[in-house]
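So that you can tell them apart, the chains are marked A, B, C and D in the order they are listed, and the count of residues begins at 1 in each.
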Amino acid sequence: MNPKIYKLPFFENLLNLTVLALLALLCLFPILHILALSFSSATAASSGKVAILPVEFTAQSYQFVLENVAFAKSFLISLQRVLVGVPVNMLLTILVAYPLSRSQAEFRARGFFAWFFVITILFSGGLIPWYMVIRQTGLIDKFWALILPGALPVFNVILLANSFRTIPKELEEAAAMDGAGHWTILFRILLPMSLPVLATLTLFVAVSHWNQWFDGLILMNSPDKYPLQSYLQTVVVNPDPRMLTERDLGLLKVISNRTTRAAQIFIAMIPILLIYPFLQRYFTTGIKLGSVKG
Amino acid sequence: MRTRISGTKRLSTLTALFLISILILTSCSSPTPTAPPPAAGQAEHSTDIYEGLNLVVPNRYDPPIEMSSVTSVDATVKFLEGDDIHNNIWTRTYASLLGINLRYDWVVDASMYDQKLGLSVNSGDIPDMFVVDSAQFLTYYEAGLLADLTDAYEAEASDATRDILSQDPIAMKVATIDGKLLGIPLTDASVTSASVLWIRQDWLDRLGIPAPTSMADVLEISRRFTEEDPDGDGVDDTIGLAVTKDLFGAIASLQGFFNGYHAYPGIWFERDGSIVYGSVQPEMRDALLALQKMYADGQIDREFGVKDINQVTETISQGECGMEFGVWWNPYHPLNLSQANDPDAYWQAYAIPSIDETPAKSQYTSAIASFLVVREGYEHPEALIRMVNFWTDNIVRSQDDNVRNLFLGNLDNPDVVLYKYTPVVLWEPTAGIKTGRQLREALAKRDPTGLNREALWRYRIMQAYFEQGTKEAWVEVATNGPNGSVVILEDVLGDRGLMNRFYGMPTPAMAEKMPTLSTMESEMITKIIMGEPIDQFDRFVETWHQMGGAEITEEVNQWAASNP
Amino acid sequence: MVLSKRFAREIPLYIMLAPAVVLVLIYSYAPMVGIVMAFQRVLPGKGIFGSPWVGIENFIFVAKMPTILQVVWNTIRIAGLKAIFGVVVPVSVALMLNNVTSHLFKRTVQTIIYLPHFLSWIIMAGILVDILSPSEGIVNQMLGAVGIQPIFFLGDDKIFPWTMVFTDVWKSFGFGTIIYLAALTDIDPTLYEAAVVDGATRWQQTLHITLPGISGTIIMLSTLSLGNILNAGFDQIFNLYSPLVYSTGDIIDTLVFRTGIINNQYGIATAVGLLKSVVSLLLIGTAYKLAAMWADYRLF
Amino acid sequence: MLAKREQPLMHPSHLPLILLGTAITLYGLITALVGSWLSNQAMRGLITPGEYRSQLASFEQAAGLIAGILFFALFILCAVHSSGIVRVAFSIGALASLAPLLVSRAETLLFEVIGLPTMSAGSVLAGAVTTLVFALPLTILFILLASGRRIPKVIRWLSLLSILVVLAISIYPIYVTILAFLLKPGDPAVGRMIEISSQIIKLRFLLPGISFLLLSLISARYARTYALAQVDAIETA
């Protein structure tokens, strides 16, 4: 496309750029602020001197957080969860996406299965039955409780199926001529051709696994099995002072140290920040096929 | 009793304290939730620790019985080296002395307990013995999940148990439905929820204000604290009265303020023959108007509507506020923080003054909020009674320091609070007041003989305050010392208190409608204080009655008729 | 013969589906049995099979709940506002970005604005609670600096919904922006050239070429968001609300959670949940149809 | 010769030293008595802790002011009436007269005027500072006296003793308080130490005062022999 067309008059352009810059700042600022808080002294933080630069710089908060076994534990659990959960998700996604991407002619039950999976997005039996099932299958308090119940991200299946169908049929037909079966077509032709999509989905499920908090909170039988986000949830909540007795004093003193909270929040962000460059590389691809299909 | 000690421990710098609390935080964990009950081996091996302690031990189950339970830990629960929630002095003791293998099916963060209990009970996982709050107590009783403990109690309850449960007149009543004893109430001192008036004495002295004798004085003090720079730093940075967004509670509460106007928000009390709800009584009006004026004059934090307990704590520790209504132990936290920043800070407790000639009554509510219950169909309901006996006979009143150190916690290691590992913890309702009296007598005589180790330490601390000017020891003086807050509690127990007349299980309408009504109530109060016209209150009273208040009152009166 | 052959060819497909089908049956379909609780008085411990049937009593109770209408309205209001701003903001930003010539700048801005999308609401809550605090929050300090009284973003029931909307848009507009940018790049540049030849101003270009060019996407996304009108964002509100703002901030999902898990009234909770699912199903169906009609969007 | 080596502390008169000793002793006595009387009242609950604090403070400030000035004057006087190392010693000792001024003013000075961090142990720190302001100059004073060659043996030994006493009574209470509140809260052993130190702290000013008195008396005796020796010297000349 011809850049001339896009040239804005100087002032409009300037205005445009400033507004955008401000928006970017708006998104960046809170994160910087938290970072600054986490490196500031507690007194500076509580007296509200901290903006986006640390005041009375100190790494104490981080020292506390890192000395905190519970935090470290839950951090590892979250990592483990990502490492195990992502492959499972991806494998199932691929295996389901392929049949659903076939034409009605090729796979007559396609429509049925399509709805079979989509319904699960629309309906759920509620927390109790869900919990009971997981308990019946003996997963309560087990690591796999964080993996199996959500093993099939249906929406991703749809994305992948769609992208499969954007791949020219000719290739498959040619392969089929040479007697290639479904497995061959899937693994030899489709997958290699949809690497960017796969990459996107992988990163997405990784992020979502990292960000899950509710299931950990409900399904684990002891705090030392909480994934990081669940742990953070319990850290962020404050006790209801109406129920305080003198014996809760210790608790009162533990909660809500602003800088330490900031440190924990920031550490929880780090993995996201690390994979973020990759995320955004594949981002557009992922989005396009996700929503603006055809 | 970690918390009391922590009052003095506060001396160490806040960072150090946070480090400690982090350490505590780290250890609130348990390796395997379904860990096997302490093996016989451990039991034998550990029996020698009971040598030389004269413990009253009920007949032991032989062979040992299994008992499953559930529990929660909070950030403060800390363990001794090698112990955890599944294997500690209590599990070992139950196993080796009582022959009860207590096993926790799950252990969750305290904030998750109710939800987790609901989930597991509703999905059929019912522990043999567990702790419930009043609402759950009723729900589970109606569902027929709770065993009838009447016979077991009659047969096995020890004298100490009976005595402690009788000290709180309502204890047994609440735990009994349809003539059946369905749970053991976890007793504590009810009166400790009564408010006292805390004032920065050093500020009073600096401004030369006499001690308050009426609510009028309180308003005056609030005004002068706001306008006259009581902290003498030449900056206009002080407010009159600390209030949190929760309005009521243990710290910076309005309860005491209302009581001063003979208004008793949130509780039920008798008025001309029938039981009425405090928050909708005319007395509220004047109190609200007064608060409204204080807010308008900047005597109440303009942001109190969102300031949670931690932010108010901040205000207090920064010395921006010199008056609050709170419970007797406030000096341990948060008031100690203001003295930490300003060595001369001293908060003096005053009984709630009155707006007129009739002395004000301080309101309080039964401390019995939860019960130990046994699953219907569990083979050994009496096992719970035996555990309770073990606690009441041996620990709760023990003057034997070795026993206390072994089962409650050791003052040398104040962060490890041993009794937090067992759900069977019944505090003696009058214990705190007794200790206070002993201490004051000891001080007057200058003779600490007869005090147990913990009390003796409090005595020494006060001695350090009076005889070597260690002002950090004020926390102990302001509570257990002469003219301390505990003295006021004695009067509250006398004729200067008003106990919530309703102490039963939530009535049907209450369970259904009270949450909404309470939300309305706190909104109404907050908004009026922040300046909305007072007829908001009249409107609230109307809607309150329409939206179920009348119905609830009806039910409460019926209940009261059958529970004189 | 032919049939069996076709079937033989389909066997691998079934094998592929098998594991997923099993898992979904167990963890998604089995729990749906629980929907019957909507018609039971659920007794703790008795579970689905032991509890007595009460017909539609629960639904009647729900209908009678003093707060229910309020809650539904809160939900629709918040979700609706989110939907609207969730379209307007990204579109405008996309258009603006589209006019940026410097690729470096464009890239940087993009990179930054969709970072928040990847942070969990737990982390977000942590950040927001801190920066929005009226006493020590940086936002109110800035407002104070220009002489504005502190605003109780999370504590004032008049402001709370807007806080929710704004923070949600803040978290997700970067994401939307990318979609529209993608759509923009699909517009045939020759159209612009033609327009320039006809001497169309920038504004006219935007009006007659750019917007029509992405209208498909806009319509589609907004119609689809209609299906979510009953999802005002549990994660966000659950972690940010307080009794102080129930009057405007309590939404269906949070209500369900409180009645069910905290107040132990599972029958009622399930009833509300069921109602919600049904309504959203209808909405989603409609939305899907509309999207198919206007934007020729098809899930499969 | 002998007489020449051993000189008295003061000449011509020991009055200043005697006065100094008496002043410090009296101050020590009065403060100790008033202090324990007040704390008695408070511990019996006859006066509120608030009243106790304000009365104690106002008394200590008044008494401290007088005592401070008086001490200073007397120290200087001693310096004037002495010579050589003794003079140096007393001039340094004069610094100790700041201590009474500091009592119950130290906190304001340290944390508000100077603005040191209280470390949540303000009164302990303040107490420590006050005691040291008193103890250090005196220690130096006594060290100098003890090391002065021309000073009579007895006096030197006595000074040496006084050093230990001064140090002990000033350090011990601080040590105990830190144990009790920071290191070993709850330790019964520490509890007993509090008992003891709360008695010892009363001697903070008393004992040094007494040792000054002793010094002056002993030295006065030397003064006589010294004077005689000089007279002899003149006569023989």
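Basically, contacts are C-beta pairs under 8 Å (C-beta built on N, C-alpha and C of every residue); 3 or more make two chains touch, one makes a residue touch a chain.
What you are looking at is a predicted structure, and each value in this text was computed from that prediction instead of being measured.
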Which of A-C and A-B has more C-beta contact pairs: A-C
Farthest chain relative to subunit B (centres taken as mean CA coordinates): D
Whole-Å gap between the CA centroids of subunit B and subunit C: 42
Distance between the centres, which are taken as Cα means, of subunit C and subunit A, whole angstrom: 15
Subunit B and subunit D, separation of their C-alpha mean positions in angstrom: 49
Numbers and ranges of subunit B residues touching at least 2 other chains: 14, 115, 119, 122-124, 314
Contacts with 2+ other chains: residues of subunit D: none
Residue list for subunit C, restricted to those that touch at least two other chains: 42, 47, 136, 261, 266
Touching pairs among all chains present in the structure: A-B, A-C, B-C, B-D
Parts of subunit D lying in touch with subunit B, wherever the complex brings them together: 35-36, 39, 42-45, 48-50, 52-54, 56, 107-108, 111-112, 118-124, 126-127, 173, 177, 180-182, 184-188, 190-191, 194-195, 197-198, 201
Residues of subunit B touching subunit D in the complex: 5, 8-14, 201-202, 204-205, 211, 233, 339-344, 346, 348, 411-412, 414, 440, 443-444, 446, 453, 456-457, 460-464, 466-474, 477-478, 481-483
Residue numbers on subunit A that touch subunit B, as the complex places them: 42, 46, 60, 64, 67-70, 73, 127-128, 131-132, 135, 141, 217-218, 220-224, 226, 234, 237-257, 260
Touch list for subunit A against partner subunit C, complex: 1-8, 12-13, 16-17, 19-21, 23-24, 26-28, 30-31, 33-34, 37, 45-46, 48, 50-51, 92, 95-96, 98-100, 102, 106-109, 113-114, 116-118, 120, 122-130, 132-134, 137, 148-152, 158, 161-162, 181-183, 186, 207, 210-214, 229, 232-233, 236, 258, 261-262, 264-265, 268-269, 272, 276, 279-280, 283-284, 287-288, 291-294
Interfacial residue positions of subunit B with respect to subunit C in the complex: 114-115, 118-119, 121-124, 126, 135-136, 139-140, 142-145, 245, 302-303, 305-307, 311, 314, 511, 513, 515-516, 519, 522-523, 526, 547
